[in-house]
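The following blocks contain the structures, represented as structure tokens.
The two complexes that follow have subunit A in common; it is paired with subunit B in the first and with subunit C in the second.
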Partner chain A sequence: MTVRWQNIGGKLPRLPRWWTPAHTAAAVALLVVALGILPVLKMSLVVNGVFLGGIIALGAIGLSLVFGILNFANVAHGDYMITGAYVAFFFIDSFLPLLGIEGQGLGPFTFGYPLLIALPFGALAGAVAAIALDSLIYRRLRLRGANAAVLAMTSLGLAIAIRGLAQIIWGTQVLSYPRESRQVFHLPLDVRIPPDSLFIAVVAIILVVSVYLLLTRTRMGKAMRATADNPDLALVTGINTQRVIWATWAIGGGLAAIAGVLLAVSQAQLLPIMGWKFLIPLFAAVVLGGIGNPYGALVGAFIIGVTMEVSTQWINPSYKPAVAFAIMIVMLLARPRGLFGGSGPG
Partner chain B sequence: MDSPGGILALLEADGVVAGYGETDILHGVSVTVDDGEIVTIIGPNGCGKSTLMKTIAGLVKVRSGRVRFRGEDISGAPPERVVGKGLCYVPQAANIFASLSIRENLEMGAFLRKDDYRGRINDMFGLFPDLAQAPGRKAHTLSGGQRQMLAIARALMLDPALLLLDEPSAGLSPAMLDMVFERIAGINATGVAMLLVEHNAREALGMSSRGYVLAGGENRLEDTGPELLANPEISRLYLGGR
Partner chain C sequence: MEFAGILDYAVGFVVMAGIYSVLALGLNVQWGFTGLFNIGIAGFFALGAYTSALLTGPPPQGQFEDFVFGGDWAQTGGLGLGIDLWFFLGIGAAMLVCAAVALVIGYVTLRLNDDYLAIATLGIAESVRLFFLNEKWAANGSRGLYNIPQFLEGWIAPDKYDYLYVVVVLGVLAVLFLAMQQAVRSPWGRVLRAIREDEVAAEASGKDVSKFKLQAFVLGAVIMGVGGALYAHNIRFLSPQTFDPLLATFIIWAMLMVGGSGNNVGAVLGAFVVWGIWTGTQFMPGVFKDPNFRFFMIGALIVGVMLLRPGGILGESRRTARGRTAAARPPETGDGG
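For the complex of A and B:
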């Protein structure tokens, strides 16, 4: 028995049928061990992991939605992220100053208010790029009956092309949004939070709630779920599935672009390779949550984010992606349908 | 075959050739349905009944021949255009959105409607009271019979002039089967014409004005419902008689 995402928000799932007293004992033992580790854990890392999880979630939800509708893994998703980040950089660095809008501190945040203006334009760029690439490339391949492997390889090519383009335009050196402030909030338990993290959390929460409302309350959102569920039936029901695909790309590309801006804010740097590197946590979250299941991806994102950050307590931070990769591999071997089951019925 | 009396048929498939990949499955099939009629197609497994339905609905491309609906050529029209003209289709398998709720399935059925369709949803709940009990229930939790009702209700949301039903009674218990056929007759009584594919040929032909026998992707026989039921060869091959 798998716990399906359809249960989320509904009745709590009952214990699975295979659950025995031995499982209860193991769970209690795990809990005791966890309670033992907890005081050793640096709460700061846990908290940072939650914020990182928010960024991963924005990318992973879009990746999962696209997978649900088109049935292929978009390897260029990380590069849709840097598209947004660099377009936002262009606005902050070049375009807005032309209009006389220059950086000024914004409360405790490192960035000035131009970032708030640049963020929606970055999102728009991500959405438009995703739709344009679908119209120019993926749609044609679909019409020729290309399979998932061909589409995934194409997205690999696109990933390299987008990164190359970013390198040509902005160079390979480390850029950063202007940093106006360097405050840190001190909380109990030695938790220090950069104010930016709170901004990231608020943006992530607003977007996740919006996507949830879109999927469950709007005509287009329901049509997206219907198309992911049963594409042929969607067609004969009168749903314009090409429009649904574009809407999905717009959401996926837009969320990825915003995730890219937030990543650049939180890491205080911007590099063309950043999106590619972020792909592993994204895929790990998607696999953990069940491929094609956006709610699962959300939960997976926080698990991956926290695990990656907490792991730095014992291992070199540069191995963080390896931690995400390890979780993904273990998950694929042990439970390929993820914690919450993948897309589709059954 | 021309429609009886020479009046313009509601649906007219004429010499339809269609298939998958390199293979043709239908080798020139012709079927007509007149306004308000129930027409049943029977034939052995794999003879192309479902393929014919998919081709009429626009899911499978017409390679040769013609499909006309209300006199208009719809061969080659994409599925969403066909549906918009009032020709709705209930596939043989996977005919509901399993992860959507009952209500959402019906809302999707009304996707092309620009008007307020809540009244229509209530009509469907009246027609299929089972669906009204918990409209928020996910469709994958429904029983076989309830799924079939939901599938038909979804297709009725657009108020179609013609309903294509591919084996609506497949896998149902005898009691459920009677219920589904009763509903089909009821829907037909409101003026909806039906093109039915059925393995329960006796029940289906019993309420049909005409029927076709398909074999190997070709028309084998066409007659009135009662004549086909009385035909000894049909009886032996498809009705389980001797």
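For the complex of A and C:
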């Protein structure tokens, strides 16, 4: 499985070779239809979909990187998310109050500044857990020459174990970060934005830009791209593939953990099953963008996020995961490699 | 507990372990023999259970039943022969529905990388669950179905029904087991294993890999549908909560991995062992009683097997073309090398 990294860094993506005037016509037609739908759409849903897309993106970029570099579908990714969310909860609920740090309703937000302290620790926990699980488990399997299916299978076991552990420690009841209700911002076109969403957007933008810079501007980023393209070649050119793998897990686990905290903030609740449930939009975004293509995962995340929210205008909101799934199936039928070409064979 | 009580418990245990064995056999066709990663067993489990329950059960009655359709085959499906033929018709319908859904999902995803199948099965399981949860007209939503008929009801005292049903379950299991053993030993089964080991080589040998994968996926789903139907007529209550990922997907994976994937005896053995651990730990003191600990244990069991004993308890017996074991094979005669 190789990854197309040429879209990353430097030049804007050029029109692919298969692009014909028919494609241009289809794109224009799609645009016209989209413009036609626009007046009917509740803009509020579109805007909230963009924020949901930001959370999906943080999970999906890491998932896509792991997919590209380690070559397997990490079904524990949603549970790395709740790891971060619960560790942050531990800090906010148990540890920081011991130091006298408490509070909620910081500025326009529902949460207090303890969340700002807990967020990096949650990310750290996600990254460390991902690296530790790799050293303890995945590394041994790789050395044994286990195939992708065995690694995916193992990640299923880990997903169950992580959730079980979270349930042992924190129980299965609904938790939430300490919060104070806040007025939503009213914008024109009846757009209502919860202030927390702005925080989510800022965090997501900072992280996405950081990952982009890391992949394009650093030696490690270069090594990661090389390893994704051809692990054996990367190894003989002196790239420390083990370090590359750990860096991948650190980014993937860290981003997932932050996504978990943000999800818990935006939904105002924290549940062990949230991670498993979130896998469907995550994978849908990855497939949409092309497996192994973090750039595509970003775009896919926003498409999935907006469609999920907008669909609630007509469909029962609890069908949101099914909507993400349906988009993915349509995508697999129409363009199996995703919008931007990934490594999945067509 | 006196002896009769223990026996009652043991028979009830065998009924459930037998139903799980059927599901594990279905998964074994998909994962064990073909390497297809289905993490949405719950979807087919639920489809099979709901199909049979809705077709054989009575139409809605009373104020707590909001759904619109009940086939009532239990009353009409005996075809006037006076025997409970409807039970098998219900199982057959469950098989058909699972086959149809698996065909669509498999057709879309199996032409592609295996990873897509895993993601699609995850999606189908959640979509099926959401459907039965939200569409009250279909199967009474979260209130569930609770008038599911029993096979040969009245032939035996209701509190001893397990003694009758255990025969039915083990009978169905035996038929499926023998059929699967035949299938695996057949040339068709050999192609599946070839695909699992090396897809490119199988393709290069002129095998239509996607077609074989699709067949294996559909066959596995059909067997899961049988398991679902057996389950519905045993528990006699279905709700979307019945099919949560732990007891309808994860535990079946643990069963197959522990018993030995790629081995039908292993699948059945694993179902009995893991169901034994699962139900047995609730009688143990302290942390073992905690359902969350048992949840964790299922995951740890899968990871542990993958790390320490990838073949499970039994592992896969290695077979060569003419039924000889690898060790008994005569030395290679010089055809190059």
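Keep in mind that, in the parts below, the second predicted complex is superposed on the first by the 309 of 346 C-alpha atoms of A that agree within 3 Å, B and C clash if a C-alpha of one lies under 4 Å from a C-alpha of the other, contacts with A are read in each partner's own complex, and residues count from 1 in each chain.
We take it that a residue touches a chain if its C-beta (ideal position, glycine included) is under 8 Å from a C-beta of that chain, and two chains touch if they have at least 3 such contacts.
Because the structure is predicted, anything quoted here is derived from the model rather than measured.
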Side-by-side fit of subunit B and subunit C on subunit A, or clash: fit
Subunit B versus subunit C as contact partner of A:25, first or second or both or neither: neither
Subunit B versus subunit C, judged by how many residues of subunit A each one touches: C
Subunit B versus subunit C as contact partner of A:137, first or second or both or neither: second
Contacts of A:38 with subunit B and subunit C, given as first, second, both or neither: neither
Touching partner for A:226 - first (subunit B), second (subunit C), both, neither: first
Contacts of A:322 with subunit B and subunit C, given as first, second, both or neither: second
Which of subunit B and subunit C A:280 touches, first, second, both or neither: second
First, second, both or neither for A:164, with subunit B first and subunit C second: second
Spatial angle subunit C-subunit A-subunit B, Cα centroids [nearest 10 degrees]: 90
Touching partner for A:213 - first (subunit B), second (subunit C), both, neither: neither
Smallest separation in angstrom, by C-alpha atoms, between subunit B and subunit C in the superposition: 7
Overlapping contact positions on subunit A, where the subunit C interface meets the subunit B interface: 344-346
Residues of subunit A touching subunit C in the complex: 1, 67, 72-73, 75, 137, 140-141, 146, 148-150, 152-154, 156-165, 167-168, 171-172, 276-277, 279-280, 283-284, 287, 291, 316, 318-319, 321-322, 324-325, 328-329, 332-333, 336, 344-346
Subunit B residues touching subunit A - in the complex, by the definition given at the top: 57-59, 78-80, 82-84, 88-89, 91, 94-100, 104, 107-109, 111-112, 138, 140, 154, 158
Subunit A contact footprint on subunit C (complex, rising order): 31, 35, 37, 39, 108-109, 111-116, 118-120, 122-124, 126-127, 130-131, 133-134, 245-246, 250, 253-254, 257, 290, 292-303, 306-307, 310
Subunit A residues within the subunit B interface of the complex: 6, 219, 222-223, 225-226, 229-230, 232-240, 343-346
